[in-house]
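Structure provided below as structure tokens; questions to follow.
Note that the chains take the letters A, B, C, D and E in the order they are written out, and that residue 1 is the start of every chain.
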């Protein structure tokens, strides 16, 4: 945690939702430390052959832009208007009713009016009006138009990287205007002139090269999993050794690399391995992991549609190479937004695979019959419903659990009840957070869309405040000590958020809880959970 | 004083004066009565079609609905078929509720800090109420006006009039006589809703902050239309038979300038013309755009059915072959299967 | 064009001022502009012939009636003049009547004892609205659709009545009728000079206010061959006061304090 | 919160659909009445108010009874009622809504209803009744909503709500008092012309309302995961006990005055209701049933053993509710009009369309109540989950 | 409009056609119809009288207002005479004054009322034709 962060109480007291007197167009951007991520490493940009790789610093006056940057932006916007009806329509139809204003976690947490989704969009819209509409050309600022300047560009960069593309505003918009769509395009435009952030560019480059964000090479990847195999064996006495890159396996499993390399995701990873072992022993379930497609997450999504496609292509390519029947996906947020809304369109059709059927229950996953990719929560929920897992939820009795709906599965997919069903079957103490903060109304962790860096901790803590406040509520009311989620970014972003706002709440993945509760064939009597903590009832002995 | 709304207010006042003076002193009946209305209708019709066609020329490359409820997945999990439609008929229902009842806006709630730093999200239906009241009554008022444009007046319009004037408002004071002609509720509710929407734009700091003059202009303009209409109906009283003869002339392309119709009528007509002509070039196009919003008008079924992007182009990817070439040695060492064994001992 | 509309609007002010104060017509300043050649005054006034009083009252000399047949023409005169419907079916339930006949024990339930003289017991009595000085119905009406005029007449404004029937509950004399249905089909011959009523409003005797306005006495008085006297109760010289001075009279339910303006000589 | 009323299980939707169907039939009948006039009802020149106004009178009582929860909770800090005060307030909302609809249905010229406001007449009790009823509706909607919302967000209720809550206490008393004044201020209607009428109305209200609430609480406990609580129900039962005893006592006071004084204008109405007059006595069996039910209820409620047994309590509450309903919803209005001021006896019996319209209004009230209670239950489940 | 391809053509064209049909409704609804303003028929008596209570233009636009004032004055104040600006006195009565001259309601009142889709409820009570039975 960054040292220069205010104490939570001070931070809370500092939030001011007062609206400035001066109009927003007349208020220049103030790029403030702690609120932005560092500029991208030129090497990463270069590796991806993205434009204008160079070293630059947002705090400096000169951003080392190409000469014709205005033209590039103009052309880029024109091209995107022709490609995306969503963009064109969203540019034209906003009536500025203000319904979205206080729906944004960044606005709630920072009080900065330009974090109102409508204004975030207006940053781009004002330029669009100036360059592309009759009214804007004639009436100018009266119609909300303004010219593209360097200051405007800097404002774009600052605020488009203060949006986690969580789509909460879109739920409330009477026209369904999705600020995430606008931010995505905005970031694409910025990328055209080399304005990226390193927390995105470097993972993208890594992923492109090694298959995962952290740039872990295949052998190291295997080493990590081997390490988990040992841990699980220590705890349960069962060897859960998986297979890698196995040709002819039934199913390919892809999860975000965060689960392989960072606590507490690693425990979720152990959960996957235990589950697959269990299924293999009991039902002959044949699943393999890939080192080439060893990343579910897709930071390309936070760069441009094209980059997203380049990274995503590995999943189908690997499935095809290995000849699997279908793909099982682990717990991840934006990975699933990409899978649900883009993958088949970009890199399909996946006609080399079969329509997914659970080999254990025979359930056809009708909703995945084209993309051929099933979510682990759907898969486990089906198993539990058919009573195919032996579970002892009492092993999770030390956990008082609440569930955080990650933005992308919630609002980009609609997966709300499957993880709840699984969690409620593997633990005995489950409490929901207040109604207006869960399901489709869920609040972002504050660090999505590539913003979970270390240098922007103030922004992250502010953005995650609404979520943390809801957790705090159930923490105080029901003694909730565990925040469950189905997203790797959440597992990385929520622990510091909890530490800051709600100390005493741990973050856990759904499948980790399954791993705890799952009674493995031939297992020894466990006395700790996957984290090595004593199991409830065994502490005293 | 806020320059943003003063600008729009002054603009509307100038428009008023234009028409008023144009009629009163210059007698430009033909201009304000015939040419401008025809031109406005033409601009409106062509402009709206142009804008929609313009939108339509951009494809919808991806299926990006905002899902506001449980997806359709396992058969035993209750599917939120409207908020997360999986089929087209559910999309139609979602769109219907969206367009007719402003369903998304209905979710609106207000964020609040509370004692103990507890956040709350509370009932905020006033925007929804104001919006519904405004749009519905505007619709009713427009449909009611068809009595000036049809002969004989269709029964359904007469029914609407009966319904609209069901509640009688009859009173007489020293200064005001109301009751005959009968009072239409829609007009009054329309004005009230407009005032609410205007006040909220003026006095709610957040909303004021995000508003442009262009946001105040239609409010003042429609208010001008409503006020001039109400003035003619309830206060000044105009010869509506003459007006109907005139409007019927317009729609049968035999326009005749009526005798004995005051300038307020031309102001009313001019305001309407301005609104129509302004429509295609402004945010008022949300009326058409709401139908084209891809986050609402698509089913969330792209995992089940492939959506095709017409401009999907091939991209440079890092193939498995390139990957294995780079890491083959390490892979073999770690016992990972490879496609090609090492050929020359590394 | 514009001027005419505006003037029309502004005239109301003048109209009302005249109506209320009875003062000289008020000039309409706006109307005057550019219309100097035209007379801009108008006036609303009472008919010169109109009969006026401070409190109209009625004295019915029941001695002059022998049987129901004697009352028939009075009732007929009133009901045909005022387009009162004859609703035969469900006679009792939906009946509308302004003036009618009933037995002594019903018209005077508080006076009727066990033993009444033969004549009184069998004599039909006329019943109608008493135009009380202190009318409970006026108190009850939530819209001022029933109101008491300056001349003491308790009048109905059929345009304003919402049909709540509170006045019917309030009236201790059963003088009010409600139009449970459209009355028109039940009017044998319509008198175009007087409006019919519409369904859903209350109606009752109006002491022929429309006749008083043109200098005529109420229809029933006219048809009574002198059996009914009509006049100003506050005028000591009036015919009715003379009658009250010289005869013993009774009023209906005097104990309720409503001060009926209809007196009966028995 | 309103959206929680849109989400429910199949049973909820079926229930609501059934209610809407009933409302539809009632509304169709109302359109018929609108077209043909009030002639389609059983009302007459003599009995000019009937079933509608009687239901209105009864429901005003049910609405006023919310105060029986508000007083102990907010004035005496009786915490247990905090759990169910909202149910009382929302029951009041549904009841007052029905009251207003019954008044509208009773108007001969409903299109002129605004005349009440356009031509305000402070001398008319009906004018004040309009004021107090609408005010009470407004108060209960605002209070109920804000309190429930605060409960959902688990924050303190906004400060400005408290004064409204205190205001709602005298206001609740006022709605039934003013409604009683509608009747008891009329000269020449001996049945109502008594100062005990308002107290009697309140007593029967405080019996009928809470007994209905007990039944609703037990129903909620049965079909949802929210338990209004045994203590709460027992406290309500005690309120019902005292109120029903007071009601019968007041009634007997009136009986004494009327029959001991022997004034016919007062006595004849009682005779008509309980033994029949001049051969007319359509209400006689009803009135005795009402008396019997109230007596039985008192027996069951006074005895702690039977009162504490919830299954017996259900019977007692049904007795109280039906008994007071017959008393007010059938006897009170007809009884005052028969015999008429001229001592004619013309009886009143509601017609089928009249009853269908009334059922339609009741269904609308039940619809409102279901929506509001659904919200309450959802919030309570949510908060306790 | 960079390219000329329209996506979702079917739905969008259908929508635009509906839009076009809706906004041109007044034009095609009245196609081929000549719908001149109704001509009022004056009775002989009215013709002879030459002038009405107010000027013709004022009566055309504001007769309802005048009637409304009349009814208020007559019913609530008992004033029954109206002296117009020319000094002529009229009895304030729809039946006895207006309909006396304009005894042809169907050809006088109704024509314009129908044309302008106005349905006054005067006739619910005020009798225009005493012989007519429903």
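Just so we're on the same page, a residue touches a chain if its C-beta (ideal position, glycine included) is under 8 Å from a C-beta of that chain, and two chains touch if they have at least 3 such contacts.
Everything numeric in this text was worked out from a predicted model, so none of it was measured.
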Quiz item: Going by CA means, which chain is nearest the middle of everything shown?
Solution: B
Practice problem: Please give the pair of chains with the highest number of C-beta contact pairs. | Solution: A-B
Quiz item: What is the distance in Å between the mean C-alpha positions of subunit A and subunit C?
Solution: 83
Quiz item: At what distance in angstrom does the C-alpha mean of subunit E lie from that of subunit B?
Solution: 34
Exercise. Please work out the Cα centroid separation of subunit D and subunit E, and write it as a whole number of Å.
Key: 47
Quiz item: So which bits of subunit A are touching at least two other chains?
Solution: 82, 85, 434, 473
Exercise. Please set out, as single numbers or ranges, the residues of subunit E touching at least two other chains.
Key: 2-3, 7, 57, 61-62, 65, 69, 72
Quiz prompt | Sequence positions of subunit C contacting 2 or more other chains | solution = 1, 4-5, 8, 12, 159-160, 182, 198
Exercise. Please give the residue numbers of subunit E that touch subunit C in the complex, ascending.
Key: 55, 57-58, 61-62, 65, 69, 71-73, 75-87, 91-93, 95-96, 99, 121, 124-130, 133-134
Practice problem: Mind listing the subunit B positions that touch subunit A in their complex? | Solution: 7, 51, 54-64, 66-74, 76-78, 80, 83-84, 86, 98, 102, 104-105, 107-111, 117-119, 121, 127, 131, 204-215, 281-283, 285-286, 289-290, 292-296, 300-309, 311-312, 315-320, 323-324, 326-327, 330-331, 333-337, 339
Self-check item: Footprint of subunit B on subunit D - complex, ascending
Solution: 1-3, 111-115, 118-119, 145, 149-150, 153-156
Quiz item: Residues of subunit D touching subunit A in their complex?
Solution: 4, 152-154, 382, 385
Quiz item: In the complex formed with subunit D, which residues of subunit A make contact?
Solution: 431-432, 434-435, 473, 477
